[in-house]
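Got some structures for you, see below.
Both of the next two complexes hold subunit A, though its partner changes from subunit B to subunit C.
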Partner chain A sequence: MKVIIKNWTGVATWKWIANDDNCGICRMPFDGCCPDCKLPGDDCPLVWGECSHCFHMHCIMKWLQSQQVNQQCPMCRQEWKFNNK
Partner chain B sequence: MTAGNVCAFTIQQCNPSICQVRIDFLTLTLAQPNAHGSCIYDSMNIIGGATNIPPICGENSGLHLYVDFNGNSNIRIVISTSSDASVPKAWKLKIAQIACDCPTRAHMYEALARKRFYGLSPSGCLMHYTDLSGTVRSFNYGTTVSSYLLPNGQPGTRQLANTNYGICVEMVAGYCGIQWSQSSDIYSFTVSGDTSTAVGQGIIGTPASFASGADCTTDFIVVPNPLVNGVPTRTDRFCGNGLPTLTTYSKPFVLTTVTNGDELPDSGNRGFALSYTQLRCTNIIVVVNDPVSTDVLGRNEFYQVIDVIKKLNIMDTMPVSTDVLGRNEFYQVIDVIKKLNIMDTIHDLIIKNIEKYVCNTVVVECWMCIAGANSEAENFQNFHKAMVTLYNYYLLLSNIFNNLELLCVTLKYRSTTYYQNSTDALKVIFRSALLSQLPLDYKKSVRHFYEVGLKYEENRGRESLDELCSNCSSNNCICAQYFYEANSILLELGLLEPLASQILTTTIYDYIENHVETTCKDRFDASFLAPLQKWLEDVIIKWLRKIYTCDYSNKEINKFNKKLQNFMYEIYTKVRINQLFGIIIEYPDSISALQDLKTCLSKTDLRPYLTRKLQKSMETRLLHTGVSTPDILTAYVATIRSMRVLDPSGLLLGAITQPIHQYLRSRDDTVRCVVSSLTEEGPSDLADELIKGEALQTDENTPSDDEEINWENWLPDPVDADPNKPLAHNRRTSDIISMLVNVYGSRELFVNEYRTLLADRLLTSLTCDTEREIRYLELLKLRFGDAQLHYCEVMLKDIVDSKRITQNIKQDLSSSGESDIPISSMILSAQFWPAFKEEKCELHQSVDEQMKKYTACFETLKGNRTLYWKKHLGLVDLDIELPDRTMNLYSVTPIHATIILHFQDKSQWHLDELSKIMQVPPTVLRRKIGFWESQYLISQVSPDIFQLVEVSVKGNLNVPHEIIVEDESESAMASTQDQREEELQTFWSYVTGMLMNLDSLPLERIHQVLKMFAFQGPTTECSLQELKHFLDRKVREHQLVYSNGYYKLPKS
Partner chain C sequence: MSLKPRIVDFDATWRDIQGTIRGVITLDNIPRKIWNDRFSDIYSLCVAHPESLADRLYAETKQFLIDHVARLLNKVQDDGEVHLVRNYYFYWSQYSKGAGFLHSLYLYPNQQHIKVQKMSDAEMIYGSSDSNGGEQMEIGELALEVWRAGMIAPLGSRLVKLLLEAIDQDRAQHTTNIPIEAVKGTILSFVDVQGYKKKGQLQLYQELFEQPFLNASGEHYKRDAAGLLEERNVSLYMEKVIAKIDEELLRARKFLHQSSLQKVTQRCETHMVAEHLSFLYSECMNMVQGERKKDLSNMYNLLKSVPNALSVLVDTVLDHIKTQGLSAIGNLQGENIHISFVENLLTVYKKYRQQIQEVFNGDQNFMGALDKACSSVINHRPNMGKSPCRSPELLAKYCDTLLKKSSKGISEAEIEEKLSQSITIFKYIDDKDVFQKFYSRMLAKRLIHQLTQSMDAEEAMINRLKQACGYEFTSKLHRMFTDMSVSSDLNNKFNIFLKKDNVELGINFGIYVLQAGAWPLGQAVVTPFALPQQLEKSVQKFEAFYHEHFNGRKLTWLHHLCLAELRLGYLKRPYVVTVQTFQMAILLLFETVDSLTCNEIRETLQLNVDQFQRHAVSLVDSKILLAESEELTPETILRLNMDYSNKRTRFRITAAIQKESPQEVEHTMNSVEEDRKLYLQAAIVRIMKSRKVLKHNALIQEVCAQSKVSFAPSIPMIKKCIEALIDKQYLERTPHSSEEYSYVA
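Up next is the complex of A and B:
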């Protein structure tokens, strides 16, 4: 007997590879989207800081814009720098 | 008491309600009056009463008298006696007081029989007798002469002077006259004149010695309007020494006796003792028919009278000849009657005779015709016969009546006793006689008669006349003629109304009912109101007009017409209401029936009946476990639509759908069915409704503007509307989808269910038409709003995206050349999908590897993101090449595919072994293998050992009987119940925290605390009942201890 698989359609869920489940700013899951967005994933991506903390991009941008003086990570108070890995 | 003294009694009223005293002279023996008739020796005087009573003396034992009280003053009886002790004196009186309201007659007979008390005597009657026959006496009448002699030596009188009193006889029911005659004693009427002379001449006690009228001036009796031998005497006073037998029909029966102040010229008078006999009412005929004496009338004249009467045809038997009298004879007769003044008698006589004849002969014969019929046709014939018989007699008798009438007119006689209008008299006699002897089954007979008539009338419109009549089954039908003949007789005799009208009405009602029922039985697709109305006008009303011809004015017929129309509407409405369930189910084919019903409802008051009836039939035919939910929903939607037609106000709808709501709420799969019928092309067309509908308004109260624009079409709320509930709201929600959603009252539930269904559909069919799903989603959004359906939007986008990604990855993989198993995938955003059913399952190694490659590709494509496979989900298309055949299988589940892949590697597996590799529990695995067993690919060679069957030997193959084919419709999503469980689990930490601090708590308190801290947002609400279930489960799992209504943590 020979079994030929013509097509295997699997079901998978995608997930951000991050060290936390929820965004530290909006407390929403990373796999969801920030409060301003409707669609997760490509439309609401994550960004990582050099301090290794990550947030929804829209969340951290908002945060950074609201900081007049120093642009710090809201978690560790280090200066915020995007980690472009 | 010694002679010469006075004895006096005083009778006092016992109480104010006493009016009369009856004094019975059990014994009253006093001295005789003197020759002048005055009681100068002994006397009894009764004074003080309202009645004037002469002094009484002599022998009066056995007599009685009545005295009226004068107001409340006492009545005194004073008996004074002379000193002559040789005359015996004795008295014994019985005195009875009689109350004013004491009945005069009626049950007094009984009372009298017991001699206990007496009825009132009519005023003016000093003596009062109640028997049918008896003897009355004047005071001091006796069979011996008075002991006091006149100066001429003749014996003195016994008659008391100066009296004037009435002796009354009470008329007994059924008796019309009274006959007075002398009693056996020849002296029993010696009232005036010289009695001894009469005795001497030998004429005492004979008519020869009596005087009457103007001859009676001193002492006499008065009998009103007496007849002697049936001939009026023209006088009413009688005196002398003899009395003929007197008969009178004047009421009351009273005999008045008068004596003057001095009895002296008369001698030997004794007064009177007269026998009376009351006469039966019919005796009058006997009196006339049986003349004994012709003294008053001349002999010839008398026979003339008899002749007249004979010619007038009034004798007991019906004469043959009905000729009108000849002219000469007629005048002759009139002369005689005039001369004799007997018109009164003749008139009465004729009427009486006719009455008797009608009663005993005509009516009996007429009703005899009806008896004993069984069939309708027979009854019809019989009734006609009866009417014709009746009418023939009527014609016969009316001849006599005409003669009588002629007689009356000529003599200018006007009867007062009988009928005012003699032309109607005969009809009245007929009517009363007929109605007084109605046979038991006349109703049936009359009913059949009219039914046949009605049937005939209706058929007349349809078929040609020469066709066979269903009634007489003869070619030459004369039923109609019969019918109208009998009917006109009824009409002429004035019998239609009393005899037939009620039956006629019920017959018509039944007929209408029958007609309506047969006409609209099981036909909902046509309107019947107009045809029915036409039928009513053409058949029934026309018929009625014929029946009543001239008797009824147009106005009356119109009134009847209206009544019948109303009745027809009511019947039609009832019929339709009884069919309403069927009508609803057949909507929209039954729209004309509904329109009819709407028209009818506004004309009748059957709305409550409709509600009750429909609810009942819903209950028996729809709302039970035997009906599937989609069917109920279909019926429900049809109901909503029908009710919209029937009652735009939405009130009926509200009342009727209430039970359906309740029932649907109790079904688990309602929401699922609603959602699936919304999105699929189903029989209930909900999808169409969705497309045309507007935004869902479940809990908004803002009035819309169109009400103000269309103010001209405004209608008041129906009378049975509850003023406390504004109807505007109801009207709004008669939108079908809104109503369906409102069955549960929450959009969330709906949306959740929709999400689950959508997820199922997306995951179980790869060919899923996303375009169509998006269209539905957009429509649903219009109703439920964007926010609610946001998740679903993401889900659909996931599917579209994953198609694209798969495309990309496939290219990558194929370019790298390692695509032995083509893998595609659906990449889902887990946060937005409903929870998945978690099942553990390890796939075949080759697939696993391929998946890893796929994941790697994905990771490179989408930086920082990875994939988690739900290995048990998905679909596999595969070909199985066997030595003798090739199987093409589509949409096999991953587990099945994995099993067959494992069997490809090794043709025999032990269940446990396979289970270990696949990490699927053996029970589940066995079930899954069942699928391949049903394909004849794998068979169980010995318990738990499965063997691949490469060459199928059909027929010889020992197919195990209990191949377990798993049920196909297994959802990929976790059931709502599981999801709920999950939610409750989040409370568990709260509960344990609480119990750790507070040791033990009752259920209510836990619920309260949870409400305060844990329940946030509407979906996480949890009822007391639910919490109890949850906690009880924890108790069963030994995570809690329950005692005395308190929950606590077990001591570890």
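Up next is the complex of A and C:
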């Protein structure tokens, strides 16, 4: 072997892949954060429902807490279940 | 004896009393028994039956005092003008002391009979009916008042004339001729004689003596100043004047009541400084430019108490510092322009800061001038304001140089010191956002390429910036640090994951996973690239691992930022080289052959022309590859340099590529411009949302105030942003005035 790789340090960036650009609840872009947070990133994550709709976690939690009877997805009115695939 | 009121023979009793009080007022020896008898006599007169004789006693006593003072007046004048002051002082001392005793002798009527008539304190302060002459005073006060009327009134102006002469003699250094104590005592008697008054104690002193004294002194100062001016030498003049003021102050302490000290100094300054300002200013420029510390300090001391007189000196100092500053950073050339820029500025700053402390006592006016001068030097735009100001960029570079591994030969403490000093300069920069842009790009490079000297130093610097500019300013920088620590966690987890599955990658693999928005990496220059197969496994495994852990995230590899350490095994000595991924990929192609054409390499790796050129050239320049021609055309053959040798066995060939290219600088400037527009628009919308309707000028003012922290916006730019917002229908012009905007909800 003429050239051997001893170390390799990779650099990569990550982005959310959601099926929409904006959060359906707060209308803020998914690249940004929910209105209550200051910085986007790990502290303000996205979550998906089984209906495949996606929101800021903080936004959907607030929405679910405000619903007294049925926990529904605000977009499609199906019952809300977290998709933990 | 009994305290009961009884009938008293006034005339007989008064004869006794009169004899005693004559003794008291002339400080004769009074036996205790007689004193006690007179005390009760006075009491019995006051409570006499069938009616009190107090008023009569008061009238008689007053008459007695008037007669006594009249006699003294003659005695004082007996020895002529020469001894007038001395005699006056002698009799005054005796009389004033005697009056004190007399006051005690009359304690009963003072307290029981006269107090009742006196005004209460409240009436005194809020000034009800002014004292009408018929009112009775306590005996001690009466005595002083009689002295004023009977002695000072007729003699006052003659005394003052003599006193002024005495002080003039003192000025002329004939101190032996004057009775200092008598002069001082006489002067103070003008105060003491009214000392009992609640208001205007100094009135007599001021009218009778102080005013003539100040006028006379004023004339004297004027003559003195005129004499000194003839020498036409500013520094000599200042020294003499300062000495003169000190001397006069000393004299005032020697002779005058302390309330006059301030006035004497003021007079002196008026006549010797304020009236000759233009003469003093004439040397100002030369003194500042020559940095004649002593003269400047004298000048400051003279001018500081004259209202508004300092401004000329302050302005001159400001101009001087500015010129010095500009010449320190003008004409800088060479590689290390950023270092000399910052260090020269700091030298100028420190020098003048110290000078101001030393010479001007750290006066706020001069500190302000230093600030103004520094900020205009640092934000100076060369070429009549047409070229952009490079200070933010240079300062960021300076910090970069200090924080990079390469800075050798300086201790950590020194680096700390230098970094904290660079904050001084940072504070003066108007375009802080430009600095932030450059700084964050350089920080990103340092972190990704593992060039940081110490993480502690980095964090300390960011904290300093945060202190100077607030949380918003550094939040992006903080996010980079967070990503670094998240990534190191991730590496650990990945290694555990590999161990569990028993996978060998064949290389040492590390990774930085960065959050897309937080890093100033330029909008993802993702170039097509065929990954060398040696890396494929690692990349695939990591992607699998990552997607298992994090839902809904997409990874984008930034190959132009990846680094590899290679061992070159085909040379006489083994070398360890740090290269970028693209360089590594090129080198790996030579595994089976010794020469390849440029085109072949580019095709295999699917690199674009620009990327290929940069990296291939860097390999040729470092002599690892040999090219057959200067210019790399697609047909040029590159071959491995089998005779390569280097003194060091471990080196990098990444430097050339990491350099900030002019395009990058321009790119940074453009992105700053874009950010500013967004910032301004956001600020305008915020302001208008809360104010609803606002005049044009008021809006501009508020916008400027809000953005001051990070940059100084230009007015045309704000106007453009307002226009843009009107187009986007956030705002509209109010119908009745084009100078007013309203917020559209």
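Here is the rule we go by: the second predicted complex is superposed on the first by the 71 of 85 C-alpha atoms of A that agree within 3 Å, B and C clash if a C-alpha of one lies under 4 Å from a C-alpha of the other, contacts with A are read in each partner's own complex, and residues count from 1 in each chain.
Here is the rule we use: a residue touches a chain if its C-beta (ideal position, glycine included) is under 8 Å from a C-beta of that chain, and two chains touch if they have at least 3 such contacts.
Since the model is a prediction, treat every value here as computed from it, not as a measurement.
Trainee: Does the superposition put A:Val11 against subunit B (first), subunit C (second), both, or neither?
Mentor: both
Trainee: Which of the two partners, first being subunit B and second being subunit C, lies in contact with A:Val69: first, second, both, or neither?
Mentor: A:Val69: touches no partner chain.
Trainee: On the A-aligned overlay, A:Asp42 touches which partner chain: subunit B = first, subunit C = second, or both, or neither?
Mentor: Touch status of A:Asp42: both partners.
Trainee: Which partner does A:Asp31 contact after superposing on A: first (subunit B), second (subunit C), both, neither?
Mentor: both
Trainee: With the two complexes superposed on chain A, say which partner A:Lys2 touches: subunit B (first), subunit C (second), both, or neither.
Mentor: A:Lys2 contacts both subunit B and subunit C.
Trainee: Which residues form the common part of the subunit A surface touched by subunit B and by subunit C?
Mentor: 1-18, 31-32, 38-42, 46, 48
Trainee: What residues on subunit C touch subunit A, complex-wise?
Mentor: Touch list, subunit C to subunit A: 448, 450, 475, 479, 482, 486, 507-519, 521, 524, 534-535, 538-539, 542, 546, 550-559, 561-570, 576, 581, 584, 587-588, 590-591, 640.
Trainee: Report the residues of subunit A in contact with subunit C in the complex, numbered from low to high.
Mentor: Its residues touching subunit C are 1-18, 31-32, 38-42, 46, 48, 54, 85.
Trainee: Give every residue of subunit B touching subunit A within the complex, in rising order.
Mentor: For subunit B paired with subunit A, touching residues are 763, 766, 790, 793-794, 797, 801, 821-833, 847, 850-851, 854-855, 858, 862, 864-871, 873-882, 894, 897, 900-901, 903-904, 907, 937, 948, 950, 972.
Trainee: Within their complex, state which residues of subunit A touch subunit B.
Mentor: Residues 1-18, 29, 31-32, 38-42, 46, 48.
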